[in-house]
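Next come the structures, one after another.
Next come two complexes, and both contain chain A; in the first it sits with chain B, in the second with chain C.
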Partner chain A sequence: MPLRWRLATWWTLLQISIEERLVYRADFALGTLMRFLPIVTQIFLWSAVYSAVSDSHDGQIVGYTYHNMVAYYLLTMVSRAFSSMPGLASGIARDIRDGSIKKYLVQPIDMLGFLLVYRIAHKLVYYAVAAGPLALVFFLCRGFFDGWPDSTTLAAYALSLVLAFLLGFFLEATIGMIGFWFLEVTSLLFVYMLVSFFFSGHMFPIDMLPGIWGTLVRAIPLHYLAYFPAAIFLGKVQGSALVWGLVIQAAWVVLFCILSRVSFWLGTRRYSGYGG
Partner chain B sequence: MWRYVRILITCARNSLVRDMSFRTNFVLETISSLSWVLMNLGFYVLIFRYAPEIGKGTGWGQYQFFMFLATGLLINSVVQMVFMINAEEFTEAVRTGALDFVLVRPIDTQFFISIRRFDWSALGNFLLGIALGVYALGKMGHLPTALQLILYALYVGCGIAIYYSLMIALAAATVWMGRNLTVLDFWFYITIFARYPMEIYSGPVGGVLRWAFTFVLPVLIVVNVPARMLLRPLLPQSTAEWMLPLFGLAATVACLGVSRWLFQKALENYRSASS
Partner chain C sequence: MPVIEVDGLSKTYRVYQKPEGLLASLRGLVRREYRLVEAVRGIRLAVEAGEFVAFLGPNGAGKTTTLKLLSGIITPTAGTARVLGHIPWKREDAYRRRFALVMGQKNQLWWDLPAAESFRLHQHIYRIDPQQFRRTCSQLAEMLDVAHLLQQPVRELSLGERMKMELIAALLHSPEVLFLDEPTIGLDVVAQHRIQSFLRHYQASHGVTILLTSHYMKDVAALCKRVVIIAQGSIIYDGSLSGIIDRFSGQKIISLQMANGQAFDQLDRFGEVLSVEPPRAKLRIRRSDVTQTLARLLSAHAVVDVTVEDPPLEEVIAEVFSHPEEHWGRKVGEAPDLMEDRG
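Up next is the complex of A and B:
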């Protein structure tokens, strides 16, 4: 198929997915706004924690002041807006279980490509709807930031967010492919969600983890989903560490891109569809 | 009255039989919810590596806070075990029209839809709550008196009743909204404010939040009051500390009353969905 036709197909798919996402826009906007509520309790919790920490640790926890910590939580919300893929792995596993995956096998369309475009459309709509509430929250909380970082840091931050999106997508897609081997993967997905929430840095900066735990978490890709972009913005990762971090993040993306492709190929070799 | 107790026991037994039919699933669900709690606990252990207490001078040190968490676990696990699954099923029954089958039964509708299913996998969290509470009290070297324990049980009951009222009121809203899949989302986002001691809400904004979530939507009462019954001296220092438990009782009665009224109103507006 010529490239022009192929692009036209993906463009149409993107448009359809955007239309679909906008059907329940009021519910979607309300849900988006509600998602910001937990940050309120986090602000108060950390304010209370830091009020007790002041004397013994110079008002800092692992190099984070109270303002840094709140800024960190706000920034991880942005990271997660890029890297979280609700329903992706469970959707793939469900399609495998109920047989609807065969539509990708008989139609001239690549499943991973389709899901990626579909996800991009969902994210674009999400950013369009969330931009208002997000801007409001950041404006109200602007006092927690020390100002804008320099342009190089901002560029690195933007790149790390795009890589976080791709890593989140291919990582979850690979996990979804496990459905080819185990039909029921709900518990596995819950475990992944749990581990991801804790070790991605969504719950707290992973710098807080002591000793071997910190080393271990830095060795796995999860912290590139939330912690790494936020740490770049706050200037916690700089110089060669920043460059290496981005290179390793990109390497994880490539690895999971290949893994998802290989597991789909292997999975479809053993897949059997029955009935009509 | 006895008939209702018998129905409650039957529903609990049937749900247990059902849960035991899918034993592996039951074990996995129990492990999942326990892991979630343990991870949260790990987060707080991390915090206490850096700070001696949550809020300077509040008295919520590590083990006092663990007692607070244990109380929250007890209340939340009972709500999850008994009411959460039923609230979800109620919203779906309104949408599909299956509520008709409950309305024609010779039993109080609110009672039946509230206790129809039990989620026994939440029992693990309940037991973990007791273990954590006993551990925290042991570490503090604090042996509560019989009166303290009775008051604790009473206020845990009040907490469960307040959460239940909130949940049933949100579920009842389904009747007006047609479809309300976000019942549990709302519940989650409101109860998130009750996860921490009320002292953390300080300053002008915190003061407003503390007031609103104590007197308007009393979710801050739910865990704070029972936890204080075990931890603080029984003779309160200030008028506010005297008033809070008394207000807790009044708030429980008011919440149950308002949610009952809302539920009845919702049933009056129910139009069924069948053909």
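Up next is the complex of A and C:
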């Protein structure tokens, strides 16, 4: 009985969240499409970089050809479409600061569950808008890929994308909870986004990083947000390394799920109920 | 058995003292000074089922903090509270399904969607039977005259209409205890009146226990038999509204109508002259002096008509708010006779 109610709540919340996202559909569609613009500039950028080094390095930079690099870049875009959480951490911190968080404390709802369903709705609408343009981009750029990977790799890829979504969610939610201790988290978020941009592999493949830097980046969870799913698709992670990779990615999800809950619990205990 | 039982409830905030000036601000980065603010100090209160209690007090007196404690938003520094047998700050779902909090300055509805959508979500969150939900929703919407606005996005509603929707959202699950924090703030007289009469009617028909904070004395006078005055974090009065005057005002207002041609220049011998509009005049005198002063007045002047009244309630309360320390000695608990004032 309680489970049925809970499912009904989540289902209704999902519907209502989708409706809400559709209110400003023109703005949303425009924002989504604008995200495709950097693709062109990135392809030109890598093209210029590779033409400059083509003679001296066999047309490769640390094992990546120009084609590999563009394919990698396009795949990290898909990863980021799952793992990026625009406005999540800052939204939680704002709710804490202006007192809107009271809603979650007074009503019999779980704030993190509520925000997760809301975010799923957000993503679903985003995919619905972005699916067409994204398919077109991949079709036009099909020459950069060496065909489709096998079904096992595809399944692992899909799983890693779902885990990347959950990791992105709980990681940013944990950062947002810092708002209970420091009311203003904008600068902290900026630092996080900057670090994340580099170390998630969005800027360049992290296996390009040499020595200690490569080890360090692999030790922190950020590369599971963009690099790891793309590497699976490109067949760079296989066999037991793939299984272990997914297990560790899932472990990070569990860790940040627990961290976000603990920090919410601790935060509400010291919460002063700001904003009237 | 009381629905709300509060004993020794205290809440102390640690507030950062931001010094003035750039240099001091920079020093504040290294060493911060905090000040402890006792928002609520050892409150004791018992509210029976079906009571409609008003919390009065100046800004920052601790009214809203008390409501936040009772609705479990914040955790107290000391003391105990039980509402419907639950400890509020444990935030058990079983408790959260039985009460509601409405804050006049906070919006809980989905801003861009019609209120009906927020209500639909509430139905599932509070596990309300679909039939009962439809019935309650249409009843409340009709009582508040907003049935035709249910499908309109909340952002397009007026402040008054939005407040009505907030009330519906709060009452859908038929809470047994309702906390109202300034529900009529910023509303025009018509909307205020409408919400007052709705609350009065709803409370009478459902027997719900209500705690209200408001700055509008009209809200309080229209709705609450019992008034609790909080000042500087402590309860300084708990009783009937009219009892406030007996308790805190040691004065009476005498209105006189003089016979024609009477001089008004000597009136200040009898008390503080409030107004002189021949042939009428108003004086404020000490309550203990009423009989004596009247006798002297009547023998010195040709008075056609005289009335003795209490000073206006607002005035008395404003006086209590501005000098609460003078009323410390009258704290509930220290002066048990206060409880007899309850109407």
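As a working rule, the second predicted complex is superposed on the first by the 272 of 276 C-alpha atoms of A that agree within 3 Å, B and C clash if a C-alpha of one lies under 4 Å from a C-alpha of the other, contacts with A are read in each partner's own complex, and residues count from 1 in each chain.
The rule we apply is simple: a contact is a pair of C-beta atoms (placed from the backbone, for glycine too) under 8 Å apart; a residue touches a chain by one contact, two chains touch by 3 or more.
In this text, all values refer to a predicted model and were calculated from it rather than measured experimentally.
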Note to self: Following the superposition defined at the top, how do chain B and chain C come out on chain A, clash or fit?
What the structure shows: fit
Next item on the list: Would you sort A:Ile109 into first (chain B), second (chain C), both or neither based on which partner it touches?
Entry: second
Check: After lining up the shared chain so the two structures overlap, which partner does A:Arg261 touch, if you call chain B first and chain C second: first, second, both or neither?
Finding: neither
Notebook entry, point to check: Who does A:Arg97 touch here: chain B (first), chain C (second), both, or neither?
Noted result: neither
Next item on the list: Considering only touches as defined above, state whether A:Arg218 meets chain B (first), chain C (second), both or neither.
Entry: neither
Next item on the list: Kindly classify A:Leu37 by the partners it touches after superposition: chain B alone (first), chain C alone (second), both, or neither?
Entry: first
Next item on the list: Could you look at A:His67 and tell me whether it touches chain B, chain C, both or neither (first, second, both, neither)?
Entry: neither
Next item on the list: Compare chain B and chain C by how many residues of chain A each one touches, and report the one with more.
Entry: B
Next item on the list: Figure out whether A:Tyr271 sits in contact with chain B (first) or chain C (second), or with both, or with neither.
Entry: second
Note to self: Rounded to the nearest 10 degrees, how wide is the angle at the Cα centre of chain A between the Cα centres of chain B and chain C?
What the structure shows: 90
Next item on the list: Would you sort A:Thr12 into first (chain B), second (chain C), both or neither based on which partner it touches?
Entry: second
Margin query: To be precise, I mean the smallest distance between any C-alpha of chain B and any C-alpha of chain C in the superposed model; what is it in Å?
Written below: 7
Next item on the list: Determine where on chain A the residues touched by chain B overlap those touched by chain C, and list them.
Entry: none
Checklist line | Of all residues in chain A, those that touch chain B in their complex | finding: 27, 30-31, 34, 37-38, 40-41, 44-45, 47-54, 56-57, 61-62, 187, 190-191, 194, 197-198, 203-204, 208-210
Notebook entry, point to check: In their complex, what parts of chain C are in touch with chain A?
Noted result: 13, 64-65, 68, 71-75, 91, 93, 96-97, 100-101, 103, 105-106, 108, 110, 112-113, 117-118, 120-121, 123-127, 153, 181
Item checked: Contacting residues of chain A [partner chain C, same complex] -> 5, 8-9, 12-13, 16, 19-20, 23-24, 99-100, 102-103, 105-109, 268-269, 271-273, 275-276
Checklist line | Residues of chain B touching chain A in the complex | finding: 28, 32, 35-36, 39, 42-43, 46-47, 49-56, 58, 182, 185-186, 189, 192-193, 195-196, 199-203, 206, 209
